[in-house]
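So, here come the structures, one by one.
Next, two complexes with chain A in common: one pairs it with chain B, the other with chain C.
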Partner chain A sequence: MKTDSFRLRRVFAITSVAFLFTLAISPAKNYFREYRSIQEQFRKLGASRAHSLKDAKTYQNRPVAISQIWLRDFGNRVDRCTTCHQGVADPAMANAPEPHRLHPWTAHTPGDSDRMGCTSCHSGEGLATVRGDAHGTTADSSSPLTPLANIEAGCGRCHTSEAVPQAALLSRGRALITKAGCYACHSVRGHEQFRSEAPPLNSVAVKTGGEWVRQWLKNPRAMDPNSSMPNFQLDTQQIEELTHYLFSRPVNPELAAKVAAASQEAPGDAVSGKKIFSESRCITCHTVEGKGNGSAPELSKVASMASRGWLLAFIRDPHAFSPETRMPRYHFSDSESRDLVAYFETELKDFDAPEGILDPLHVNQTLAEKGAKAFRGLGCFACHDPAQGTIKEKFGPDLNGLGDKRAASLDFGRRTDLARTLPAWTAAKLMDPRSFSAGLKMPNYGFKNEDVQAIVTALLSLGSKPVPEAYHPVSHGTSAPIPGGAIGQLVQQYRCLSCHQIGTQGGDISTAPLTFEGSKVKRDWLVNYLMLSFTIRPILEERMPIFRIPKDEAEKLADAIESFYVNPAIPEDPFAGRPASDQNASEGQRLYVANGCRACHIIGPSGGYYGPPLTDTSTRLKPGWVFKWLKDPQAWRADVRCPNYGLTDTDALRITAYLETLRAPGAQKSSGGKG
Partner chain B sequence: MNRTLIVALGLVLLAGCSKKTKEVKLAATAGAAPLSYELRLGKDTYQHYCMLCHGESGAGDGFNAFNLDPHPRDYSDPAFQKKKTDAELADAIRRGGAGVGLSPLMPPWGHTLTDAQINQVVLYLRTLERKPE
Partner chain C sequence: MNIPSLDSLGRWFRGTSVYRSIVRHGVAETSRNRSLIVFENLFLHVHPVKVREKALRFKHTYWLGGITMVCVIVLVASGVPLMFYYHPSVPQAYQDMKELKYVVDNGVFLRNLHRWGAHLMVFGAFLHMLRVFYHGAYQPPRQFNWVVGVVLLVLTLFLSYTGYLLPWDQLAFWGVSVGTNMAREAPVIGDKLRFFLLGGNAVSENALLRFYVLHCVLLPVVLFLFLGVHIWRIRKDGGVKGPSEEAPDAFHEEEP
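Showing the complex of A and B:
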């Protein structure tokens, strides 16, 4: 009996000790947590950096505690990162070692830390208080930190526009994705309307020869480095089948007739063609041996790419062949276009091309049918014939949510050499898409290393969860209407939007947006400029092509610009209601010199030519615009390099008055300025 | 005689191989080190606004430099870098040449760039210091 109770007591005692021990585990574990020693370090560091005894005391008296930012309206996010990163908002912690360092300045820090938290930009596991868990360095973390190289991916979670200020890498990545045409095969929210610029392949049989198509399919970039068509790594058999298929595609009869008629014309004069070519400023978009903008095809071998008839017919009406092309329709006369093509045939051809590169192909139906299957199977249709995509789904996988994919869910296949992370996987997919396993279809885009980092950054910004409305960035773009009717047709014909921006639309080849052009330039100047677009900034390779717009069209366009594209904030007469001393042009000239404007601008014989010459300012520019520009050049376009000098109204007006005295020789004195 | 030759050849080959792998590794790490976000912003700002005159390397040999008298400063010069504090550099950017008693051809950027942007440029300028040969 007695031994029984003793045994019971012993069991009880052991259980109690075990119980106490178990109870102690949690506080002990907590006691040894890394964040406690980090907070201890922070207190010491803060005290050592404090400027007053009081500040030092405040640091020393900081309690040891978990701190967190709780964002109820942002997916109920709880970010405990500040438990260790205690100095993120503490200016005394500038340049302190991590994890104590002050967060670098960004558009959202320090201002928005309480509204945005940490993981919304950086990813990572907000709730965790252990380093490995929080940073997601453990295997199969659901949300690892975004690496430094791709840090701007965080910006892209909310900022969905293509260009994001202060995120150059992200913006470049997005632009590269658009240029490469990824959206043709992959779904990404906001890009449902994407249409590839790839040619519609409606006139292959009358354009080029079988041998040229074979060479092109083998490696498009070898034939045209500006092409955005990737290398499909085709074997000889596939190339043969596809070539026969392309030549079997029906040719639009109207186009065939145009090409046939043009091919009968007599050859033109190559010398005159060369002159027309350089005068028309074709390299504003095209390149010749790499010189030029490069957004349109390289032309140094163009005469070995297409037949004379096709080139003639295309130059005369590019929009008939390719409705989506960015190429404008010029006013070349029949003989001028013949001269141009003669120039191509003498100088812009591949002198090493095999004989008969442009010989037509006799279609073998069996091969063509196989080629038709390959055209679908390889996904060629996604860019060249989107109408074939009858299925709702895109040809490639959906990319929405890619940025939140767990590394463990990715198929690394044969690539055992890669770090098991999403950025490494994505980069490898871009560099060598088919290296993961056999049978993959994505072609090789030949991206450069730095391009890959930019594209990875852009892809990591594609989150799986939508960002709440309250966090959508405010758009600063001005939306301006694109006119319809006769003016709209002219804008279409000359493809103004290929180079110029109007509001939030348009290309980026020109530095001059047209949104408020009517407030900027004088109508008479504009009419002359449209009729004969002389060079404004000779250092630019991309200059306005000379369309030789007829006078009536030029006047219509100038009137439309004068009435639609104006900014009411820009006054017609900036001197109205100002004292006469504000029109002191000689004082303006002194200010022009004192501010060093001549570093970039030419007046008369001297000055730099980074900026436009100002010799004929009053012939070209409206004084109200000049005044507004001087007050805030970046208001015109955010990336303008002319510095804002912080001029007073009086000084800006005086410089305006001085510039108003400058006019092109022979031009009439305008009424706006006083000498 | 023959044996020593073979051994020597083998050694040379081995040395060659090991050198090659080392080089590959070095190249990989050099490409992998990304600039911090601040430095990247500083570099972008520098390349957009400053490089035209000051040149890509900071040697004062930019596209527009030939046209300026006096020529832009070569701040890749280690002596210059040592002489100027961050605050002085930021001040010259902010107030321009005229503001600090130098050539007005260097414009003031204080109304165009924010303080944060100017500090980022200074941070980037520090990386442009020429390494002594």
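Showing the complex of A and C:
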């Protein structure tokens, strides 16, 4: 009995102690949390980097605490990242080891970190105070960090407009998405009105031959490396069906008549055609054997792509054939266009093309009907015949909110080789869309690795969490309208927006946005320039084409630019009524030399050729613009290389006055006419 | 100045009316005194004054009822602090789970204690019931307590189910969606029942609030009521009943 009770007591004592220890586990774990030791490290690091004893003491006396940024505007979000990343806003922590390092400078850090927190750009779990959870490295995290390679996706959460000047990768990704035509199949907020540039296929039968279409469908890029049409990886049967379908589509009778009439014309002069071709600067958009801008088709085999009649009719009026094309309508005379086509037929053809590549096809109705189904089923209509897609749903899945999708909700299918993360999945989708499972429809775009990185960045910027109204970036009043009426028609005809930017619209081929062109150049110069464009910056390969614009149209356009595209901040007369000669122009010349402007600009016989020559500044530029530009070049174009010298008003006026004295030797008052 | 000895201080303390109103009967180890201690204490009097040593043996009952009862105490003890950190509202509930995990001291321990305690309570209650069934302890005179036990099991399951929704995560949402859809399949009153449970036609903030009130107020109160009856009945029915070969003994020798 005695031993029994003793044993019982012993068991009781042992279990009590064990229980006590078990209970101590949780408080102990609580006490030895990771961030405590990190804060301890930070205190030591700060003290070692401090410049005064007082600063060192301040570091040493920092309390151990969870610190957080409370983002009321973002749905009461709380970011505790600064619990470990204590040095993000501490200049003493530049180049310190992570997690103590100072955040690199961006437009929003350190200035806006209290307003935007961390997770609004970086994603990740802001509430967490444990590394794995905060960074989302644990399996199936609901919000993993955006990889640093794609960090510009964070910029795109708020900056939803197409181009974001300080986020080059994001902007490039968005441009690539537009160029590839992704919006034709995928719906993305803000791009509902997207129209593909793909030709509408209403004149295939009079344009080209069955064999050419077969080869094209097999691999468009093999026929034209600049083509934005992806490879649909079709089998021979599908190619045959689609070819028959394309030739069975009714030809627009008006176009057919134009092509038929043009094909009857006598051949032109190839030598003169070659001259016109280079004069007109076609390679500003097209390429010939790879030389040129590459935003329009490669032309070295153009005569083996389309019939003579079609080429003639197309050059004369591209917009009738393809309403969305970026190609402008030149003012070629009938004989000039004949010469051009003659040049194509002698030099720009595929000498290895099989015989009869342009022979028309005898349509087999059964195949054509199957082809019609394939045309719908493969989604061809989304780009080539969007009228068929009047249904509300787009052909492909909605991409809105893609950036916040959990990896667990993605179908990795056969791709067991991939990391189970959203960026890896998206990149693989872009590189090889059909590798995930059988029956997928997205074609292969042949993106390069760096393109994929950019597009992934752009796609990750499509978040699902709403961005508060106050955080939408203010546009800088540059959304200049495109006028309607006669001027609008001219802008359409010459497709100014294919190369130039006006406000937020337009292409990126030209380095001269037209938004404030009226405040920049003088009208008379502009009229002459429109009629006979020449290169302003010879270093650039892309040049303004010579459209052969008639004088009355050039004047209309110049007048419109003078009245619409002006900026009230740019004074018409910076000298405030006094003659320019009142300013010390010789001092201006000295400043011009002293600041090294010569390195980039040519005046007279000498100077660099990176920037535009300034020999005839007084003929070309308005002094108000010159003055404002000198004060802050980047205000007018964010990416311009011209340095901001921080000139005083007086100095800027002096340089302006100096430049005003420059006139081209034997300057013509008004030349005009064709050159 | 006289420094009072420890002994005299103790004597003085034991003489105060506060001490005497709490410890009324001292520690004298006489049978009478032991009986008095048990009789006159609210918490002890549910238990018999004398229990046979056999009844305390592990193999007699496997301590299943006791384990379940301890779980109830642990759950109340961990549930109340959890209530300090939890808001039964849609924007807040799930975030509070994360706060418990990341910020609240010992929050993970509290939550896990509550969660595993709850699992053990359900499991223990089931085993307890099986034990009672196989030992034939549901037979008269314990048939009434068996019914009370069944009610307690149902209450336990309800408590477990209502607590399931409170984290407001996907598991909770769909668990409750499925569960209340099952309720809808009940004949005649199905739809009304679901509406009543959810406070609407879908799992929403109303459902969260209802489940919260049920989980933290209504069901625990009812549980304690029945628990009191259950434990009191054990004593009135002649104590715990173990394996049946002992039945005659237990029947006669336990005090009524």
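Annotations
Methods note: the second predicted complex is superposed on the first by the 633 of 675 C-alpha atoms of A that agree within 3 Å, B and C clash if a C-alpha of one lies under 4 Å from a C-alpha of the other, contacts with A are read in each partner's own complex, and residues count from 1 in each chain.
Quick note on the criterion: a residue touches a chain if its C-beta (ideal position, glycine included) is under 8 Å from a C-beta of that chain, and two chains touch if they have at least 3 such contacts.
None of the values given here were measured: they were computed from a predicted structure.
In the superposition on chain A, A:W105 makes contact with chain B only, while chain C stays out of contact range.
In the superposition on chain A, A:R80 makes contact with chain C only, while chain B stays out of contact range.
When the two complexes are overlaid, the chain among chain B and chain C that reaches more residues of chain A is B. In the superposition on chain A, contact of A:L367 is made with neither chain B nor chain C. Of the two partner chains placed by the overlay, only chain B lies in contact with A:A599; chain C stays clear of it. Contacts of A:L148 after superposition: chain B is touched, whereas chain C is not reached.
In the superposition on chain A, A:L614 makes contact with neither chain B nor chain C. In the superposed model, A:A128 makes contact with chain C only, not with chain B. By the document's definition of touching, of the two partners only chain B reaches A:N449; chain C does not. Contact with chain B, but none with chain C, is seen for A:L169 once the two complexes are overlaid on the shared chain. For chain B in complex with chain A, the touching residues are 31-32, 34, 36-38, 40-41, 44, 48-49, 52-53, 63-64, 67-68, 96-98, 103-112, 116, 119-120.
By the touch rule above, chain A contacts chain B in their complex via residues 104-106, 147-149, 151-152, 166, 168-169, 449, 453, 539, 593-596, 598-600, 607-610, 633-634, 639, 641, 643-646. Against chain C, in their complex, chain A makes its touches with residues 25-27, 30, 66, 75-76, 80, 125, 127-130, 133. Residues of chain C that touch chain A in their complex: 91, 95, 98-99, 101-103, 105-106, 108-109.
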